[in-house]
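Next up: the structures, one after another.
Heads up, the next two complexes both have chain A, just with different partners, chain B and then chain C.
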Partner chain A sequence: MTEALLSIEGLRTVFRSGMGEIAAVDGVSLSVPRGRTLGIVGESGCGKSMLSLSVMRLVPPPGRVAAGRVLLEGRDLLTLPKAEMRDVRGREVAMIFQEPMTSLNPVHSIGDQIMEAMRAHEPRAGAAELRDRAIAALARVRIPAPERRFTEYPHQLSGGMRQRVMIAMALACSPKLLIADEPTTALDVTVQAQILDLLRELQSETGMSIILITHDLGVVAEMADEVAVMYAGRVAERGPARAIFEDPQHPYTLGLLGSIPRLDEERETLLAIEGSVPPPFALPPGCRFAPRCPFAISPCNAAPPPLRDIADAHEAACIRAPIEASLALGNAA
Partner chain B sequence: MSATTAPVIIAPPRPGLLRRLTRDPAAAAALAFVVLVILAAIFAPLLAPTDPFDNDLSSAMKPPGSEGLPLGADAQGRDLITRLLYGMRMSLLMGFAAVILGGGIGAILGFLAAFYQRWLDAPIMRLVDIMLSFPAILFGLAIAAILGPGILAVVLALSVATVPLMARIVRGSALVVMRQDYIEAARATGMSDLRLIWRHLAPNCLSAIFVFATLRFGQVILLGSALSFLGLGAQPPIPELGAMASEGRTFLFFAPHIAVIPSVAIFLVVLAFNLLGDALRDALDPRLRV
Partner chain C sequence: MLRYLIQRLLLAIPVMLGVLLIGFLLMQVVPTDPATVRAGPSATAEVVAEIRRDLGLDQPLTTQFGLYLWRLAQGDLGVSIINNVPVVQELGATIGPTLELMLSSLVWSIPLGILLGTLGAYYRGSLIDRGVMAISVAGVSVPVFFLGLILIWFVGFKWQWLPFTGRGGPLWTLEGLQSIALPAITLGGVFVGPVARMTRTAVLDVLSADHVRTARAKGLSERLVVLRHALRNAMVPVVTLIGLQIGFLLGGAVVTETVFTWPGVGRLAVGAITSSDFPMAQGTIIVLSLGFIIVNLIVDMLYAALDPRMRAA
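Here is the complex of A and B:
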C-alpha cells in the first residue's frame, strides 16, 4: 500500500438526544492512499455520510466528534483552529454532495459560484483572472460551451450538468482529497457512468485521492481501489477492492453482494438480508450484525468483534471469518 | 436555450415580476398610485404652485374649488395642494427612513439568529419578544420625552417598532434557507461565515424582506401620522400629513376639507402600500413558482 494521504483513527461522532448520546460513527479507522480511491459502502444510516462530514468538521449540531484523529498528511484536522480548518476546506479537502439539484444556490449564476469558491482561498485574485479560471474549470469537467454556461443559472442545467458544475467548484482550488458523498445517486444511469468516468479522468490528471461514499456496490466496483464496508457506525470489513469482491469475509458483505443481480450467474432469486439495521439507540451488545446474520453463533452476542487480518491488507470484523467459500451465501442459492 | 449536446431541463418561461404583479387590477392600480405618489413627493418643489409656508390670510379656509385653490386653503390661508405635496414628501421620507433603519437592523438580527442558531437565536429572539411587548406609540412617547418631539423622534420610534417584526420575518425565512444543501456545499468550499451570510443566505431571503418592507411602509406611515397627530412628531408649520390633519381638526365643522384632505391622502397611501405588499407576496411566493 502506498503512503496514506488521510488516515482516520478511532473516529467517534455522537449526537445528543433524548435517549442519551447516540454514536453515528463508532470507532472507525480508515486510511486513504495518495492518488487512489477509497470506497465506503453501506446502507442508509450506517454512518458513512457522518464520517465524511466529520472529516470536514461540518457535522451539524447537536452532533459532534467525540473522539479520534483525522490526519491529513500528519496534521490532525480535528484540533486545527477554526480559521485554519476553513482554509483546509476547499483548498485541501473538497466535497461534492448527493443532490446536485439543490447543492447550487438558485440566485447566483454558475460562474459566480465557481468564482466564489476560488475567492474563498484567494481573496486577492482579480476578477478577470478568476473568470478565466472558472471557465477553464467548466471546460475541465467537459461542459460544452463553458463561456455560455458561465452566465447561466442552476435551473437552466440538467442534473448531470449540475453535478459537473459541483465537481468544477470542488476542484477549483486543486484539493488533494475529494470526498464524493453519493455523487451519482440522484442521476440517471447513463449520466452516472459519465460522471464516474469524469471523476476517474480527473483523478489521473490531478493525482488527487477520492473518498467515494455510496450504497451502490456497482459504483464501488468500478471506481474504488480500496473498499470499506460500514455497518451501524462501524467498519465491518475493509481491504483492496479485488479482495472484497472476490473473497468477501464478513457475512454482511456477502449479503450485500448476494443482493445484486448478475447476468453471468444463474440464480433463481436475489438474496435479501433479513431484518433491518438496528436503530442506533438499540444496538446489540455484541456484533451489531449478529441478529441478522445467518452464521451467528452465541459468542457473537458477547462482545463486539475487532477487525482481524484475514489476508494481506484485508480485515474483517467477524469471529467466524474466514468463512469457507462453500458456505458463502452467494453460491448457496 | 439553443440546442446543445447535453440534455437540458427547459423551464417554462416565467412571466416577469411586473407582469405577475399587475395581473390583478387592484394591485396594478396600487402600483400605479404608489409610483405616482413617490414621484409627486420627489418633485414636490417643482410641482407645488406656491411655497408651503406662504400664507395669505385673505384666502384662509377657502373651500376646494375656489379660484386658484383647487383643494382650498388651510386656516392660515396656505394652498392645500402645496401642503399636501410637501406633507406627502415628509411622511414618505419618515416612513422610508424608519423602514430602512429599523428593517436593516431587524434583518441583521434575524440573519444572526438563524445563522448562529445555537448561540444567538434564543437571546436575540427573547430581546425581540420584549420589544414586541411595547406598543409603538409608547416608544414614540418615550423617545419624544427624551429627545423632544420632532421628526427625528418619530423616525426613531418607528424604527424601534420595526426592528423586532423584521427580525422575526427574516429569522423565519433564513432558517428555511439554512437547511438548504447549497449552504452546506458552500461551507465545504471553505467560505467564511460573513460571506456565507452575505452571498448565500441574504439573497435567498430578499423576497420575504421586500414583501414585509412594503407592507410595513404603509403601517409606518400610518403610525407616523398618528404620532404627529398626537403632537409628538412634525411640529407646525412643517407640513406632514398627520400634523395637517391635527391642525385641521379644530375647524372640522366650518372647513372640514382642511382635516379631510390629508386624512384621505393617508388612507389612500396606506391602502395602496398594503395592496402592493399583498400582491408582491403573491408574485414572489416560491410555492407559486414554476
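Here is the complex of A and C:
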C-alpha cells in the first residue's frame, strides 16, 4: 500500500444541542494515499461533509472536533496554531463545494477571487504576476477565453463554469490534497461527466490526492481508488474500490449497491433499504445499522462492531461479515 | 450603467411633480388665508381683496398651480408674505448650514453604526453583541428632541462645555466646530442604532453564506473574510436602510435645528409654517424633498457599485 498523505485517526466531531452532545462524526479513521482518490459514500446526514469540514477545521459552531487526529504528512492539523492552519488551507489542502451557485462571492470578479486565494499564501507576489497566473489557472480548468472570464462575475457563468472556477481557485496554490464535497451533485449529468474528467486529468497532471465525498455510487465507481462507506457518523466498510463494488461485505453497502438501477439486469423494482437513518440523538446502542439490517442477529444490538479485516486492505464493521459465509451456515434471518 | 442612471433620473421627475402638487394642495387646505396674513390685522376688506388679486389667489386652483409651476421653472419661488424677502434668497442662506449639519451627523454615525453592527454579528451572543444590541435599542427608542434636550441641559448648560444655540461660524473655524458638535451628536445619535441593527442582521446573514466558507477554505485571514466577504456583501441592505432613514433624518433635522436654533432649512420651515408664510413653507418643502430624492438617487447608484448583478438590470 502506498504511503498515506493524510490519515484521520479516531475523529469525533460533536454538536452541542438541547438534547446533549450529538456526534456527527463518531470515531472515524481513514487514510488517503498520495496521488490517489478516496471516495467517501453515504446518505445525507451520515457525517461525510462534517468529516471533511473537520479536516479543514471549518466546522461551523456550535460544532467542534472533540477527539482524534488529522495527520497531514505526519503533522496533526487539529493541534496547529490558528495562523498555521490558515496557511494549510488553500495551500496544502483545498476544498470545493457542492453548490457552485453560492460558493463564489457574487460581488467580486472571478479573477479577484482567484488572485485572492494566491495572495493569501504569497503576499509578496506582484499584481501582474498574479493576474497572469490566475488567467493560466482558468485556462488549466479548460475555461474558454480565460482573459474575458477573468473580469466577469459569478452570475454571468453557468453552473459547470462556476464549478470550474472553484476548481481553478482551489488548485491555484497547487495543494497536495483536494477535498471535493459533492462536486457534481448540483450539475447536469453531461456537465457532471466533464467535471469528473477534469478532476481526473488534473490529478494526473499534479499528482494531488483527492477526497471525493458523494452519495452517488456511480461517481465513486468512476473516480475512486479507495472507498469508505459511512453510516450514521461511522465507517461501515472501507477498502479498494474494486473490492467494495465486487465483493461488498457490509449489509449497508449491499443495500446501497442494490438500490442502483442497472441497464444490464431486468428487475421490476429496485431494492430499497427498509426504514431510515436513525436520528443522531437516538442511536441504537449496538450496530447503528442493525434496526434496518436484514442480516441482524441479537449480538448486533449489544455493542458497536469494530472494523474487521475481511480481505487484503478491506475492512467491514459487521460481525456477520463475510456475509456469504454466514449465509452458507444457514443462519440468515 | 449610464442607462440605469438616466432611468432613475427620469423616474425622479414624476416624484418631484407629485411633491410639488401635494405641497401646493396642503397650503390650500390650511384654514388661514394668506391675503389676510399679509394685509395685517387692521386692513380693510378692500385692501385684502386687492392683495388677493395681486397674489393671484382669486384664480381657479388649476390656474394657480400652473402659474406656480411656470414661475418655479424660472427659478422664482415667490417672496415671503411676512417680510417680502425672496424665498430663493432665504433658502440659499439656510441650505448650507443644513447640509453642514447633515454631513457632520452622518460622517460619524454611519461608520460607528457599521462598526458596532459588524462587531455584534461577529461576536454573536457574546457580551459585545449584547452591548451593541442595547445601544441600538436605546438609539432607536430615544426621540431626537429628548436627546437634544438632555445634551443641552448637561453638556451645554450645567457643565458649560459646548455652546448650544446658533451657529458659531463655518465648519472650518473653531467656533463653527464647537457650535455644531451638540446638534451633530444629537442628529447622528438617533442614526447609529438603526444602522448598527441592520448591519448586524445583514452581516450575520452573510457570515453563514457558502461563499464565506469558501473564503475561509482559501486560507484568508479572519479580517479579510469579514471585510471583503461578509461586510462588503452586507452593504447592500445597509445602504438601502440608510437611504430610507434619510427621510427620518430630514425630519430629525427640522427638530434638531429648532432645538438648537440652528439657522437651517428645517428651522426656516417651522418658522414659515407657524407664521403662515405660504411661499416660504412651499419652498422649504421643495428643498427637503429634493434632498430626499437626490439621496435616493445616490443610493441607487451605490447599489450598482456594490452589486454587479444590479448593473445588468
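In this section, the second predicted complex is superposed on the first by the 324 of 333 C-alpha atoms of A that agree within 3 Å, B and C clash if a C-alpha of one lies under 4 Å from a C-alpha of the other, contacts with A are read in each partner's own complex, and residues count from 1 in each chain.
Just so it is clear, a contact is a pair of C-beta atoms (placed from the backbone, for glycine too) under 8 Å apart; a residue touches a chain by one contact, two chains touch by 3 or more.
None of the values given here were measured: they were computed from a predicted structure.
J.: Given the superposition on chain A, are chain B and chain C in a clash or a fit?
T.: Clash: chain B and chain C overlap once superposed on chain A.
J.: Examine A:157 and indicate which partner it touches, taking first as chain B and second as chain C; both and neither are also allowed.
T.: First partner only, chain B.
J.: Report for A:86: first if it touches chain B alone, second if chain C alone, otherwise both or neither.
T.: both
J.: Counting touched residues of chain A, say whether chain B or chain C comes out ahead.
T.: Partner with more touched residues of chain A: B.
J.: Please indicate which partner A:247 is in contact with in the superposed arrangement: first for chain B, second for chain C, both, or neither.
T.: neither
J.: In the overlay, answer first, second, both or neither for which of chain B and chain C A:145 touches.
T.: In the superposed model, A:145 contacts chain B only, not chain C.
J.: For the superposed three-chain arrangement, which chain C stretch in 20-28, 38-46, 56-64 or 128-136 runs into chain B?
T.: For chain C, the listed stretch overlapping chain B after superposition is 128-136.
J.: Hey, what residues of chain A end up touching chain B and chain C alike?
T.: The overlap between the chain B and chain C interfaces on chain A comprises residues 56, 58, 86-91, 94-95, 97, 99, 102-108, 116-117, 120-121, 155, 166, 169-170.
J.: Chain C touches which residues of chain A in the complex?
T.: Where chain A meets chain C, its residues are 56, 58, 60, 86-91, 94-95, 97, 99, 102-109, 116-117, 120-121, 153, 155, 166, 169-170.
J.: For the complex, give me every residue of chain B touching chain A.
T.: 1, 4-9, 11, 117-118, 180-182, 184-192, 195, 199-200, 203-204
J.: How about chain A: which of its residues touch chain B in the complex?
T.: 56, 58, 61, 86-91, 94-97, 99, 102-108, 116-117, 120-121, 143-145, 155-158, 160-161, 166, 169-170, 172-173
J.: Taking the touch rule as given, give the residues of chain C at its contact with chain A in the complex, in rising order.
T.: 208-211, 213-221, 224, 228-229, 232-233, 306-309
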